[in-house]
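Some structures to go through are shown next.
Two complexes, one shared chain (chain A), two partners (chain B, chain C).
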Partner chain A sequence: MREFLRHARLAWYLGGIGLQRLMTYRADFALGAGAFLVRVGVQTAVVGVIFQFTPAVGGWTLHEMVFLLGFSLLPRSLDRLFTDQLWELGRRLVQQGEFYRYLIRPVNPLFALLSERFFHPDGFGELLVGAALVAWAGHHLDLELTPAQWLAAAVLVFLGALIHMSVKLLFASLSFWTVTSFPAMHAANQISEFAAYPLEILHPVMRAFTTWCLPFAFTAYVPCTYLLSGDAGLVVWTPVVTAAALAVSLTVWHRGLATYEMTGS
Partner chain B sequence: MNPLRPAFRYTPFVTGSLQSLLRYRSMFAISAVTAAASAAMMIFLWRAVHSSSPDGPPGGFDTAELTTYLLVAQILGLLHANRVDDEVSAEVYRGHVAAMLLKPVSYPAVRAFACLPVIGTNALFAGLPVLLLFALLVPLNVPRPVDALLFAVSAVLSAAVAYLVNLLVGMAAFVTTNTWGIRLMKQTVVAFFSGQMVPVGLMPDALAAVTRLLPFHTMVDSPLTLLLGRYDGVPGILGVLGLQLLWTAVMCAVAALVWRFAVRRLEVLGG
Partner chain C sequence: MIVVENLVKEFRVPEREEGLSGSLRTLLTRRYRTVRAVDGVSFDIPAGSRTAYLGANGAGKSTTVKMLTGVMTPTSGHCLVNGLEPYRNRRRTARRIGVVFGQRSQLWWDLSVPDSFRILRRIHDIPDAVYQRNLRLFRELLDIDALATTAVRQLSLGQRMRAEIAASLLHDPEVLFWDEPTIGLDMVLQEAVRELVNRVNRELGTTVLLTSHDLADITSICDTALVVDHGRVIYQGRIDQLLSTAGQRCVIFEYRGGPSPEAVAAEVEHALPGTRVRLDGQRVRIDHPVGLLSSREVLSFLLERVDLTECYVPEPDLGTVLKELYTRNGHRGRAPGGAA
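Up next is the complex of A and B:
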């Protein structure tokens, strides 16, 4: 318990430093947040163009699909705000021999690693746009959520962020064996984009893959199906899937830590 | 003196780049997986549109044509992933570019030569397998031989434009440290305005008009217009290829100007 309080206090303090950094490099913040704005703009434009030709895709209407797109950004940005240092682990920390830094600090190595980029500025743009899209689409859909559903939505966003983190941690940890795992992380990240589309349109094999293998379906598609239609068939599995994903990635991370040997000088 | 002599000066950069590429062969598998996943996503998405579209196939594309367009667009994307933006921005950011300036070579030319093996190996080890895989799985449009030839010419020009775009994006590191944000922005803008996500022929008129004013559509839409035979005789062909040449020339000039200006104001700390 004392250990936990100490980490919480550190997280608070380091988060403050993250925010200060954000204020110092304002142009960088604007660029990072702007890049996501452009990205979401383009995704929305694609949805817009598609609905010129058809009233529904895989049974999803325009507003439902915008809701899905916006919702998919919430767990993704929450994850990005806190765990983006994992990209550095996969990209170069092992390769360049810099990783030892996190092992010689008197805190949990994973915490030490992640704390380097608390409040990663690029996440803010995504979070705001996601919330705006969800609000806009929800308004047009006349979505009335019960208090229980509001609570469920918040929990689902949090669990979705944990799923994103788990997959990222899993692929970043591979770098302990392969020295750099950036391309693999990039591929996984690419697949996570699927989460922003209705899975009905995919081939059953791909649908099963994004549901049970790299469970990105649980970050957006499954929660949105539940929130929009009340169909709770899959959503009850979300905690189980999240726990399983976390267990697998943490195991790989610990194994990786155990095999880590510092390179270079 | 051999007139090709200056070009030979760059052969070490070509072989060096090739050697380092062949060290990390698993990269090709990953690139192939990434491209295949994106292609599959786009193809499924547009197929769903196709099957539920009440007034027939959109934009005069039949299923095979649309599938071919989306698939080949992703494969062209592999040829455009020449890493020039990463390399240039990293070398500028860390100051390594200073060492390059001391050598009797032109830095943009070094990057151009070094990216040739990247394009070649990507096409061979990632593009070709993806194409074959999809040819087995989905119906594709078989082009006429003449269209395939025109496509090859146009693809080379599209790779040139992609190199220039990436060079300019890489040079943004002279003015900002968040090169990652700029590159992400470029990636998104190019993916959309090249036609990779929405074929230009399917965009609403206003959007299509904007797209045709930008250079990016010459990277994907132009080669595919030729591949699918969606042009009007010889003038149509010349129009497409001429526009690609024009953009190559314009961006060459812009890149040369920016490079000159940037080098003049470059400051590198340390030694």
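Up next is the complex of A and C:
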């Protein structure tokens, strides 16, 4: 418990450092947020164009699709704000022998790694855009959530962020064996993009894969089905799936730490 | 303080074949070769000592240091630092050790050095008094203020090295592991770093384990040497005693008037068998084997025969002694009872 509080205090402090860094590298911030807006803008436009031709896709209306798209950005943005340093692990930290520094600090190595870069600039744009899309679509859908559903929504966003983190951690940890695992991380990230769309439009194999293998369906599709229709069929599995994803990725991470070979002299 | 027992680290290295067909073959059937970087080494380093960890390239020095700092896990055997196995108790070990890997950085590359230090202070829970005292020390000896607001990635190698060295000492560690710490430092700063480490060793009793290719660093920081070859300890003991094992000594002198240098050379080689004389202008250098002659005998002979103006009897240099030590062990195989 004392260790937990210590880490929480450190996280607070290092979060401050992260924000301070945003101010120092303002161009980075603008570029990241700008590029992100363009991407989501295009994504939303595509959805809009599709609905020019058809009133519903896989049983989803335009507003429901936008709600799903917006919601999918929320856990993803949380994940991006706090765990983006994992990309560096997959890309170069093992390859260039720099990873050692997280092992010589008196904090949890995963915490040491993640806290080196809290508040990745792109995350803020993602969070704001996601919230705006959800609010806009929710308004048009006349969505009325009970307090319990609001709470559930918040928890589901948090669990979704943990799922994103687990998948990223799993593929980033492969670099302990393969030296760099950027291509694998990139592939997983591509698949995570499907979270923004209804499972109904995916091939059944892909549907099963994003539900039970890399469970991105639980980050947006499952929570949205629940919030929009009240269908609680799959959503109750979200905590279990999250726990399983975390367990697998943390196991691989710990194995990776034990096999870590610091290169060079 | 540091106990190492039968420590082994093996790496699996993929075997590659040459050419296009070879690389296609390795793609399908990858074969591995096991390389033993640390070969069952055992030693014991007492608290408060300043030990140079020496060995030819590939002796497994860095690999051993990486296990002692908890960065890598041994294949077999174990080591203890302050009673803890570092790779099993990383967090607790990290509080007690300071680490510099000369080729790598442990700082926050896009923050300034003072910002990095403030973070380290939080991470290590460094008491205010300790933090301020150490900053004063770094200001005095490393001129750390000159690095002020520059981001670490923009520092020169020498500047970064100063920051790395300071970072390793910030939390008053009980053990310092320095792997090639003075890369990129100029002479003045090398001197300051030596002063710094000798001061913390004297005042706080900090144990120091140093690996370096710079023999001047070794002789001025360390009092003890641990020499490892092919994973085995071939010498552990005081550096001055190691130096006294040199097989050759020399006397260098200049003189006034009298016979020509060639004549003196011929006379010395005749009268003192086993010596070798080299001439360098007016300067004469006599190398003599230790077993047959003492420096005293050579000197008294010279004092009688020539009018000396300058005379040097240098301490044998560590490089030569180490080379002798490696060859001796290379030829004889097993280590002599060199442990002190």
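Please note the rule applied: the second predicted complex is superposed on the first by the 264 of 265 C-alpha atoms of A that agree within 3 Å, B and C clash if a C-alpha of one lies under 4 Å from a C-alpha of the other, contacts with A are read in each partner's own complex, and residues count from 1 in each chain.
We take it that a contact is a pair of C-beta atoms (placed from the backbone, for glycine too) under 8 Å apart; a residue touches a chain by one contact, two chains touch by 3 or more.
Quantities reported herein were computed from a predicted structural model and do not represent experimental measurements.
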Clash or fit, chain B versus chain C on superposed chain A: fit
Touched partner set for A:108, first chain B, second chain C, both or neither: second
Partner chain in contact with A:21 - chain B first, chain C second, else both or neither: second
Contacts of A:97 with chain B and chain C, given as first, second, both or neither: second
Chain B versus chain C as contact partner of A:34, first or second or both or neither: first
Three-chain overlay, vertex chain A: chain B-chain C angle, C-alpha, nearest 10 degrees: 90
Which of chain B and chain C A:116 touches, first, second, both or neither: second
Partner chain in contact with A:261 - chain B first, chain C second, else both or neither: second
Of chain B and chain C, the chain that contacts the larger number of chain A residues: B
Lowest inter-chain C-alpha distance for chain C and chain B in the superposed arrangement, angstrom: 7
Footprint overlap on chain A, comparing chain B with chain C: 25
Chain A to chain C touching residues, read off their complex: 6, 10, 13-14, 17, 21, 25, 97-98, 100-101, 103-109, 112, 116, 258-262, 264-265
Residues of chain A touching chain B in the complex: 25, 27-28, 31-32, 34-36, 38-39, 42, 45-46, 49-50, 52-58, 122, 178, 183-184, 186-187, 190-191, 193-194, 197, 200-203, 206
Interfacial residue positions of chain B with respect to chain A in the complex: 26-27, 30-31, 33-34, 37-38, 40-41, 44-49, 52-55, 58, 176-178, 180-182, 184-185, 188-189, 191-192, 197-198, 202-204, 207
Residue ranges of chain C touching chain A (in the complex, touch as defined): 11, 62, 66, 69-73, 87, 90-92, 94-95, 97, 99, 101, 103-106, 108, 110-111, 115, 119, 122-125, 179-180
